[in-house]
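Shared between the two complexes below is chain A, which has chain B as its partner in the first and chain C in the second.
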Partner chain A sequence: MARRVAICAVSQTKFVRNNTTQRFQEMELDVLESLREQVDIGFADEGGIGMSINVSNDVFDARTISDAPMTDVLGAHMGCEEKVDQDGAQAIIYGASAIMSGHCDAVLIIGHCRESQGQSRNMCTNLTFDPFFTRPVGLDYCSAAGFQAQAYLSKSGITEEQLAKIVVKSRENASKNPYTPEAPRVTVEDVMSSPMLCDPIRELHAYPVSDGAVGMILAAEDLAVKLTDTPVFFNGHGNNMDSFYLGDRDLTSNFALKGAAERAYKRAGITDPKTAFDIVEISDQYAYQYPMWLEGLGICDEGKAGELIDSDNANGPAINASGGMLAGNPLNLGGFVRAAEGAMQLMGKAGDRQVKGAKTALAHGVVGPAGQFHTVVILGSD
Partner chain B sequence: MDSNNDSFVVDGKLALPYQYFAGRTGSRFIIAIRDEKKIKGLECKKCNKVYVPPRATCEHCFCDIKDNWVDLDSTGTVTGFTVVRYEEPHHPVKAPFIQALVKLEGADTPFVHIVQGVPVDEMKTGLKVKAVFAEETTTTIMDISHFEPA
Partner chain C sequence: MSSGTDQKVTIADIFGSMESRVNPDGVKGVTCNCGYKITGEGGGEYTVTVKDGDVKVLEGIHSPDVTTTASAENWINITLGKLDATTAFTSGMIKIDGDMGVMGKAAMFFQKYRPPAPEVTIQDIFGSMESRVNPEGVKGVTCKCGYDITGDGGGQYTVSVDDGNVKVLEGIHEPDVTTTSNAQNWIDITLGKLDATTAFTSGMIKIEGDMGVLGKAAMFFKKYIPPGGEIEEQEELLMLPKVISVPQKFNTGPKMGKFLKGLIDKKLYANKCPECKRLQIPPREVCAECIVRADEFVEVGPDGIIQVLDITFFASPDPLTGESRETPYVSAHILLDGCKGHETLWHELNPANIKTAKKGDRVRPVWNENRTGSVSDILYYELIE
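After this line comes the complex of A and B, so read on.
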């Protein structure tokens, strides 16, 4: 039986449109220092952090090997240093695997992104398309999402008003989250009259451009219980990659998300996702994804997300109590921040957004055009 | 955040001229468009599926399909679309413009291209379109200039 792994500490910076006072190394250093204040662990060979993982992206950083300038912050000189790109939640799986397998006892993970650095986020995501067949037609993640939104809205019957309510709710929740200080409250009318980006996605339906960093320390159970009174256990995960070309996929099928969730639920021993979680944190980069991902995760039945939105999910888990991705995290940190938020809730350290007595959490991340690749992580206070 | 009147922002640019090898399968697809004004697909006989853009291997059964070229009609049906209204340097045409999934007659997978000749607010799924071939080659999918109503 593999060893159990727990998150012992989490930290994040504020996510802001343009951090004009810090380089990304300094943002990560703030996270590291906060983590070290929470738990007494260093980088010693015996009993210390045995592996450091950086979450970052070469294109957003505009340099190759985007983890290379991070080694000193990560305590990774002469050490075991790794990098995870795509969704940051993958780094938790990677770190947990190293501990479960006995390679090391503790892992430090810190991720950063300055989406503000590039002229446009869309130019960055255009580069993920192949140079022959899809990049030249001008695809980027925003327009790819436009295709999916168009198809999903017509299949599901989710209305403009319901999309607007999602954004209003996200901003309301974000107003209690000190890490999303630039997500002002909006009204349904504000959202419905905001300019169209790519039909049917409006400006206020899209996650904001932001800069920030997030991190956590993972440890094997026997070490974790010495480091903290509030360990949050990594109880399962799953991921799944859909086809690359948009036309090869059924864009409304949630194929990859269902696959990722099924694997995570099986590993975590979850039979009914509707009742299994106190906290659900999903990466809703665009408003239409909120209902679509909830259906894919089985948090509500297919075709029922509209009712969930209208009823504010009164009888279900707290969904995106943080404000979710719509209130702002960079692309590559989405799932990582969701897991950090889930862990803070289970530690009872979520401040004004704390859900009382939360014991189980689901964190979801997604990257790739129109939800190509999904990650699901299941956390529990035991 | 404090003010930043004591620190610089340094302008930079990532611009690296590059030559991407298109591969034999990709090249053959583009050559057929460039020289014959013909769009070809690759068929997996086991899965009974014709793929566009081309690929040498079927991702479902892992069969080698690289020699199973089939000629497709240059007309097809729009199965999905979005109207791109924001401006970006990587756009092939000025916004607003229509990106659409076009399923050619004889193909099973639609692919994304530009549709012109329809007012953007009147665009609908199900529209019949035909390929307009480019006058000058770029040896990419843009050797099809765009699609227009058939």
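After this line comes the complex of A and C, so read on.
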């Protein structure tokens, strides 16, 4: 039987539009220092942090091997150092695997991104497309999402008002989240009159350009219980990759998300996702994704997300109590921040946004155009 | 391009080369005689005799166990793999009389026939250049590239490009850059058997003059096709030239930022680890060895001594402009006054010092008059005489 793994400490910076005062190294350094204040652990192959994982992206950082300049601040100098790109939630899976297998007792994971650094984040995501055809036609993650939004709204009947309500709710929740200081509250009218980016996606439907960093320390169960009174256990995960070419996909099928969720639920022993979680944190890069991902995860039935929005999900789990990605965090940290938020809730350290008595959480991450690659992580206080 | 006509594949060569192509495993323990009646122009009669693995090819038919009859053209095509032997047999293009079992074995007697290699000469490579000009590659270009091809079969040539107009002249005439190579290496590079960069870096070819011109020269001509070298028509596949560029603004933060701002005032700042006291220049947020913030700044230099230096001959071009900096240039790790161990700063040295600079020499910075807070605020370091 593999060892159990727990999150012992989490930390994040504020997510802001343009951090002009720090290099990304120092953003991560703030996170590292905060983590080490929370738990008393050093760097060591046995009984300490035996592996450091950096979550970063070469294109956003505009340098190859984007983890290379991070080793100093990660404490990874002369240590075991790894990098995860894609969604940061993958780093949790990577780190947990190293502990489960017995290779390491504890793992440090810190990720960063400055979406403000390049002239446009869309220029960055355009580079993920192939240089022969889909890049020159001008696809980026925003324009790709436009296609999916059109297809999904037409299938689901989700209205423009409902999309606006999602943003209003996100900003309301974000007002209690100290890490999203630049997500002011808005009205349905504000959202519905905000400029159109890619029909039907409006500016306020899109997650804000964000700079920031996030981190956590994972440890084997026996070490974790010594380090903290509030370990949050990693109880299962799943991921799933859809086609690279948008034209190959059924954009409304949610195949990849359903596949990722199914794997995670099986591993975590979850039979009814509607009742299994106190906390659900999803990576809603665009407002239409909020209902779509909830349906894919089985948090509500297919075609019922509109009702969930209108009823404010009164009887279900707390969904994006943090404000979600719509309140701001960089692309490649989506699932990582969601897991950090879930862990903070289960630790009882979520401040004004704390959900009382929360014991189980689902964290969801997604990268690639129009939901190509989904990751689901299941956390529990036992 | 199809130019199979130059290739001299003959029935005489196919049978004549058989003894040198014997496959020992295929003839092991075999004893038989196979006759071949090759008809039509260029034909002939042959017998392959195998005696317990010993192979002889004789002219004429001599008590064969099996005899194959085919036209010379069909037999050449079968030998070159252009015509399938079974198809040829079932369609009546070849006839077989006698013991078919022996024929089955005969397919394993010999290793594959390779037609005589086409002769590639330096003369043909340079002589065919004017007919191979790539209009896109020479557009707007004016330059002269000399080639000194040494050794057996060598020669001297100058490729002269005048605003896109290409002439290949014998002899070396006022070249901007001259490439020296022996004939065999140059043939191998032309045929793609030898990588030009590898050949250059390993000293197999020498280049003197303007390297930038040579970068353009790679695009002057279409591929050289040796006489008879390409039998199959090859589809020309497209290559898309693209530049990847996302304009960036890199925030410098309080450590690197302090260092860069210091350059404006002709000051060099290192930061000091509060624990191990080592200096870092340029400064970084932490001391990696002690895993602590290093907030204290120390002014060092600006003079120092060369700890290690190197001359670069091949500068990588700027991807946006395609321009390369001037080479050769010499750069050094400089131990600034006030620093110790390997607390060194990288910078360029004055090109005038290239021949004399050595480890241990004292150097001082030459400041740019117009300083903006960047690495070029120091033009270079120079020797203190």
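What we mean here is this: the second predicted complex is superposed on the first by the 380 of 382 C-alpha atoms of A that agree within 3 Å, B and C clash if a C-alpha of one lies under 4 Å from a C-alpha of the other, contacts with A are read in each partner's own complex, and residues count from 1 in each chain.
Following the convention adopted for this analysis, contacts are C-beta pairs under 8 Å (C-beta built on N, C-alpha and C of every residue); 3 or more make two chains touch, one makes a residue touch a chain.
These numbers come from a predicted model, not from an experiment.
Q: For A:Leu29, is the partner it touches chain B (first), chain C (second), both, or none of the two (neither)?
A: second
Q: Counting only touches as set out at the top, which of chain B and chain C does A:Ile65 meet: first, second, both, neither?
A: So A:Ile65 meets neither chain B nor chain C here.
Q: Quick one: is A:Gly75 in contact with chain B, with chain C, with both, or with neither? Answer first, second, both or neither.
A: After superposition on chain A, A:Gly75 lies in contact with chain C alone.
Q: Just checking: does A:Thr21 make contact with chain B only, chain C only, both, or neither of them? Give me first, second, both or neither.
A: both
Q: A:Phe132 contacts which: chain B (first), chain C (second), both, neither?
A: both
Q: Classify the contacts of A:Val225 with the two partner chains as first (chain B alone), second (chain C alone), both, or neither.
A: The answer is neither, since A:Val225 touches no partner chain.
Q: Looking only at contacts as defined up top, I'd like to know whether chain B or chain C touches more of chain A.
A: B
Q: Please work out whether A:Gly146 is in contact with chain B alone, chain C alone, both, or neither, and reply first, second, both or neither.
A: First partner only.
Q: Output check: A:Met123 vs chain B and chain C. Expected answer is one of first, second, both, neither. What do you get?
A: It touches chain B and chain C both.
Q: Which partner does A:Leu251 reach: the first (chain B), the second (chain C), both, or neither?
A: In the superposed model, A:Leu251 contacts chain B only, not chain C.
Q: Once the two structures are superposed, pull the chain A residues common to the chain B and chain C interfaces.
A: Residues 19-21, 59, 62, 119-120, 123, 131-132, which sit in both footprints.
Q: Over in the complex, which chain A residues touch chain C? Could you list them?
A: 19-23, 25-26, 29, 43, 59, 62, 71-73, 75, 77, 114, 116-120, 123-124, 127, 131-132
Q: Residues of chain A touching chain B in their complex?
A: It is residues 16, 19-21, 59, 62, 119-120, 122-123, 126, 131-140, 142-143, 146-147, 149-151, 154, 195-199, 201, 243, 245-248, 251 of chain A that touch chain B.
Q: Give the list of chain B residues in touch with chain A in this complex.
A: These residues of chain B touch chain A: 1-4, 7, 12, 14, 20, 22, 26, 30, 51-53, 59, 79-86, 88-93, 97, 99, 101, 103, 109-114, 125, 138, 140-142.
Q: Inside the complex, what are the residues of chain C that reach chain A?
A: These residues of chain C touch chain A: 240, 242, 244, 246-256, 284-286, 288-289, 291, 293.
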